[in-house]
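Here come two complexes built around chain A, the first alongside chain B, the second alongside chain C.
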Partner chain A sequence: MSTVVTPAPQRLRRSLGHKLRIAGGIVVSIVFLFPIYWMVLTSFKDQVDIFTNPPTFFFTPTIAAYVEYMTRADIVPRLINTIIVASGSGLLSIVVGTMAGYALARIRLRGAATIGLLILLSRGVPPIALAVPMFLVARKLGLTDKHITLILAYSTFLVPYVMWLMRSFFLSLPRELEESAMIDGCSRYGAFFKIIVPISLPGLLSTLIFSMILAWEELLFALVLTNRHASTIPVAIAGIAGDTVNGANWAALTAVGTITVVPVVVFALLVQKWLIKGLAEGATKG
Partner chain B sequence: MRAREEGKGMTIDNAPVTGDASTRRLGRIGDLFVRWSFLVPSIVLLVALLAYPIFYTIDISFSHFDIASFGADEWVGFENYREVMGDYRFWDSLKVTLIYLVVALPLQVVLGFGIAFLINAEWRGRGMIRALFIIPMVVAPVVAGGMWRMILDPLWGVMNYWLGFLGIGPLDWFGDPNLAMAAVIIIDTWRWTPFIVLIATAALLALPKDVFEAARIDGANWWSTLWSVAIPLLMPVIAATFVIRWLGAVKMFDIVLAATYGGPGKATNVVNLFIYEEAFRSLRFAESAAMAVIVLILTMVLTGLFLRGSRKLEDMF
Partner chain C sequence: MGTVQIRDVHKSYGPVEVLHGVSINIEDGEFVALVGPSGCGKSTLLRMIAGLEDISGGDIRIGDRVVNNIAPKDRDIAMVFQNYALYPHKNVRENMGFALRQRRVPRAEIDERVNDAARILGLEHLLERKPRALSGGQRQRVAMGRAIVRNPTVFLFDEPLSNLDAKLRVQMRSEIKELHQRLKTTTVYVTHDQIEAMTLADRVVVMNSGVIEQEGPPLELYDKPASLFVAAFIGSPPMNFLEGNLQNGTVLHLDDGTRLNLPVGDRKQRSRVTIGIRPEHFTVAPSGWPATVSVVEPTGSETQITARFAGHVVRVLSRGRTSVRPSDTIHLAFDQGHLHFFDPAPVPEVAKMEDVA
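Take a look at the complex of A and B:
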């Protein structure tokens, strides 16, 4: 009743609350984005501008840190290694994980539910429990410091991840799709590869990209299983950040950090719609 | 999480099998083969790379480790376990991990849902803000650690500069044990809250609008609507978010390594970093394996409990 009698103040109050919400949202966004802005900004600073109090926002930009690190340190080979490992483990996991996700979503298999639960539980295995034996086995087989070792190591967390996301994705597809295909004489493989995979491409792509991001930023296995030839960017960053002898080299840290982050951010923003959908669904339905 | 629903008819079992009995049987075996062929590659991969290493860890944890041959030689029973259980440094690292988890997880879940409420107010910039909120999520944790180390630097950091305006500080973020823990939690919260915001956004958008309309007509104020309508409706998602975040948080390693390296002293030495150091710096593989097994069991038990708890919550609401 009161809403009918006095509509004006009600609407006013609501719009004030609404405005506060918008303002709060903007403030929070700025707070969360500032550290990245500051890192990128610092990467273009001179040493003099970095070590100054109060911190400076306006300065003459320089790319000295980038030039120095791209030429002197082993950043370029590391970048290439990281790309190889991220794509390799991403592709391996998307193929294997998608097939398994499809099996769990659509094919009746004795014991599949138990296997699915085990694989879900495996997401709780601390990587350190795998790092020790992997290091020892890789050392015995002469596989340390090789790309393939890291690719396989990363698939331990990427396959379950892909499986779970794709399982919920396949569950959301209408079942008539492959049923009609199979009645038309398609084999199971045919139904999967000719019908299901093509219509799932956007979901597959976003899952692939997110898997590659997870591999891109992985640190523990890279620290343990590589030392020179296959070493990745996160290891280099850990090294720069942990350099207590020379003190933190912030120019290097921020430059390499920016190089690491920018391509990933670009990719993430490109597929953000699918990323949001896939992640949110994987999380709430998983 | 809903594995129970499996096999309740979401399958295609009416594969067309024709012909006489023998070819039918052949077809059925063939079909069984085809069905399993979808699952087998991942099983093989995970058994070789996940199950086998775990068993190997267990094996080492019960053995004496020979550094010369770099392998486990002699079975020693529970000796390694006795040793690490008597090691106060291991207990300290477990305590540090527990403090981190107990503070960070609830903080991140509450912040995540709160921020999701804020940024989902309807206006023109909503889509952009939602997209921008993804960015911290894809910053490598090790980069996040390094970057924040610079921001929190006691001398040159921009954080202390700003806190100075509020009359606080200068704070020695990495010199004081409590502040160092706070720093680690701040960095972790910065990195992971956007992920929770993302899930919370999906959950908030899925809320039924008419219930809130009804509450408003009944004269419920904002606070009571929140507590007796919104939160009960969101409870299953909140529980699921908590479990997912837990699964990530128990792996805490990169941020601590880059930001504090466990310091000052051992104030932020989470258990993963401690085991890493023991294994790969001190080369105490057998003891590390024993600790890894203990952590693995703790994690599995707690994950099982949380999964069960979240399912119960789902049934309750």
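Take a look at the complex of A and C:
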């Protein structure tokens, strides 16, 4: 059958491969995006539409769930708490983690590799194992249910994350840059802040965004360490899902979920140019 | 005063010593090249002068100050790196003016000095560009511009031409020489390329395994190498070496039985000896010893012939052109006035490399 070989089928095959790759991409995207789509969809349904079987895609949308929960006392303050905690822990971690990463990458220090490894290993401990001791420490210090407590708790996993990302970024920069700056009149600190930090800005920014997203959606520590005053949105969502008195209010749950995701998506879209630049930078430097 | 005095300097990394007591006195305005194979410690020494490496022993003076414990920024030096190390986020003008800004020089003066340096180096039309928009040669010039704007006591160059292609390298080499003749700033120049060292420097310091093998004016090293290593390292194509037993100081028995009469004797009167003959001191003459040609390489002005002679491969450089062809037998004589005698030792790897650089 296929004894006739001409260039045309080859081109066809190549474009077929291309089509297959695109189709694969679409399938993967659907798998990832469908739950989010379903969440947003559900948030606009009323209780009856949510439980129809088979599930319905066509219904009269309502914003009742949004109105109900946004006007309830605890959602807006929790949103504000989340913003405070995410930006606070993101900024703290980026400052500490970047400097630590630089030190690990550049300073000749006996045992630097071991120190770095130990800090990385601390990430291997299951968070739940740390949550209870952290709560006990916080209570002893009178720090429960405070923003600073969550900011510090999040920094325990964000600092190592930032440190390792930035360390490999700094390793990709030629050492001579700082040496040149030091000969030109800078101290080590001057070289770091005047030369290295400006060059690393895209990488720093994308790391900061990832850190803030991690802090934004963190549930466990927030659940254990806060009560009402400093409690964050994920805690609110868990509360709605686990409401044993009234039963789970799915419309409310998905509405709050949507509210939580939207700022992250908007933020990511705004800075995606930086994000991609930052992610690509490390590979192309040198 | 732009003198640099290096006195019995040692450098160790943990238990490993890489510099074993090096002393060099560099005069004000002198151009000194540190040359040697990779790993000989030349770059480490330069970085110690710059303050980028600690000094494990001995001391370094710049002018009349011991600088051992002085930070790089306070040594009044400028350095050009192999990869140029231009600040990628700053344009050429900012790169060149950075050191002056760090020293809080008034803006007008910075502009003036940057413009002067740019004029000298032909960079005026590139001042607003970022480094990534420059070619290799232009980046190299900016790196030099950044150094000369400072008007430092000492220039340090760390293999500044190694990243350029061959043609550009030769061009930049003469630009560096011209720059030095114009500015007369004391310069220490590190290179693994002996041609660069020979052509640029007032004085060449040949280093090997953390010690100085020999130092002196370029042609002195060429004419009177103190060791087999220097003889092998300096000169391209490299010197030829023949090893044999010496009889009465004047007859050399090579290992394949060939006997060479040497009217010029070896003053040390050793029995076993390596003699060195530069390629241009061989001549093709009917009275000479027979050799078989293996390769003929004409370059126009001269011809390099590689031949097998008494069990050795030798390189012969003859002025002008020749009709000799591979596998011909030629007769080689050598210029008796230009023989070099050494204690027998394995010929260093550097001499086996074809045209280092």
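Here is the rule we use: the second predicted complex is superposed on the first by the 248 of 286 C-alpha atoms of A that agree within 3 Å, B and C clash if a C-alpha of one lies under 4 Å from a C-alpha of the other, contacts with A are read in each partner's own complex, and residues count from 1 in each chain.
One rule holds for everything that comes next: contacts are C-beta pairs under 8 Å (C-beta built on N, C-alpha and C of every residue); 3 or more make two chains touch, one makes a residue touch a chain.
If you're wondering where the values come from, they're calculated on a predicted model, not measured in any experiment.
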(request) Could you say whether A:P198 touches chain B, chain C, both of them, or neither, answering first, second, both or neither? (result) second
(request) Quick one: classify A:M70 as touching chain B (first), chain C (second), both or neither. (result) neither
(request) With the two complexes superposed on chain A, say which partner A:L269 touches: chain B (first), chain C (second), both, or neither. (result) first
(request) Could you say whether A:V28 touches chain B, chain C, both of them, or neither, answering first, second, both or neither? (result) first
(request) Quick one: classify A:E179 as touching chain B (first), chain C (second), both or neither. (result) both
(message) Contact-wise, after the overlay, does A:T42 reach chain B, chain C, both or neither (first, second, both, neither)?
(response) first
(request) Using the touch definition from the top, say if A:S187 reaches chain B (first), chain C (second), both or neither. (result) both
(request) Counting touched residues of chain A, say whether chain B or chain C comes out ahead. (result) B
(message) Counting contacts the way the document defines them, which residues of chain A are shared by the two interfaces, the one with chain B and the one with chain C?
(response) 179, 182-183, 185, 187
(request) Provide the residue numbers of chain B that touch chain A in the complex, in ascending order. (result) 1-4, 6-7, 10-16, 31, 34-36, 38-39, 41-43, 45-46, 49-50, 52-54, 56-57, 60, 70-71, 115, 117-123, 125-126, 129-151, 153, 155-158, 161, 190, 193-195, 198-199, 201-203, 217, 219, 222, 237, 240-241, 244, 247, 250-251, 253-254, 257-259, 261, 272, 275-276, 279-280, 285, 288-289, 292-293, 295-296, 299-300, 303-304
(message) For a test of understanding, state which residues of chain A touch chain C in their complex under the given definition.
(response) 174, 176-177, 179-187, 190, 195, 198-199
(message) Considering only the defined contacts, which chain A positions touch chain B in the complex?
(response) 2-3, 17-18, 21-22, 24-26, 28-29, 32-33, 35-36, 38-39, 42, 50-55, 95-97, 99-100, 102-109, 112-117, 119-137, 139-140, 152-153, 155-156, 159-160, 163, 171, 175, 178-179, 182-183, 185, 187-189, 192, 213, 216-217, 219-220, 223-224, 233-234, 237-238, 240-242, 248, 250, 253-254, 257, 260-261, 264-265, 267-269, 272, 275-277, 279-281, 283-286
(message) Taking the touch rule as given, give the residues of chain C at its contact with chain A in the complex, in rising order.
(response) 50-52, 71-73, 75, 77-79, 81-83, 85, 87-89, 98-99, 102-103, 146, 150
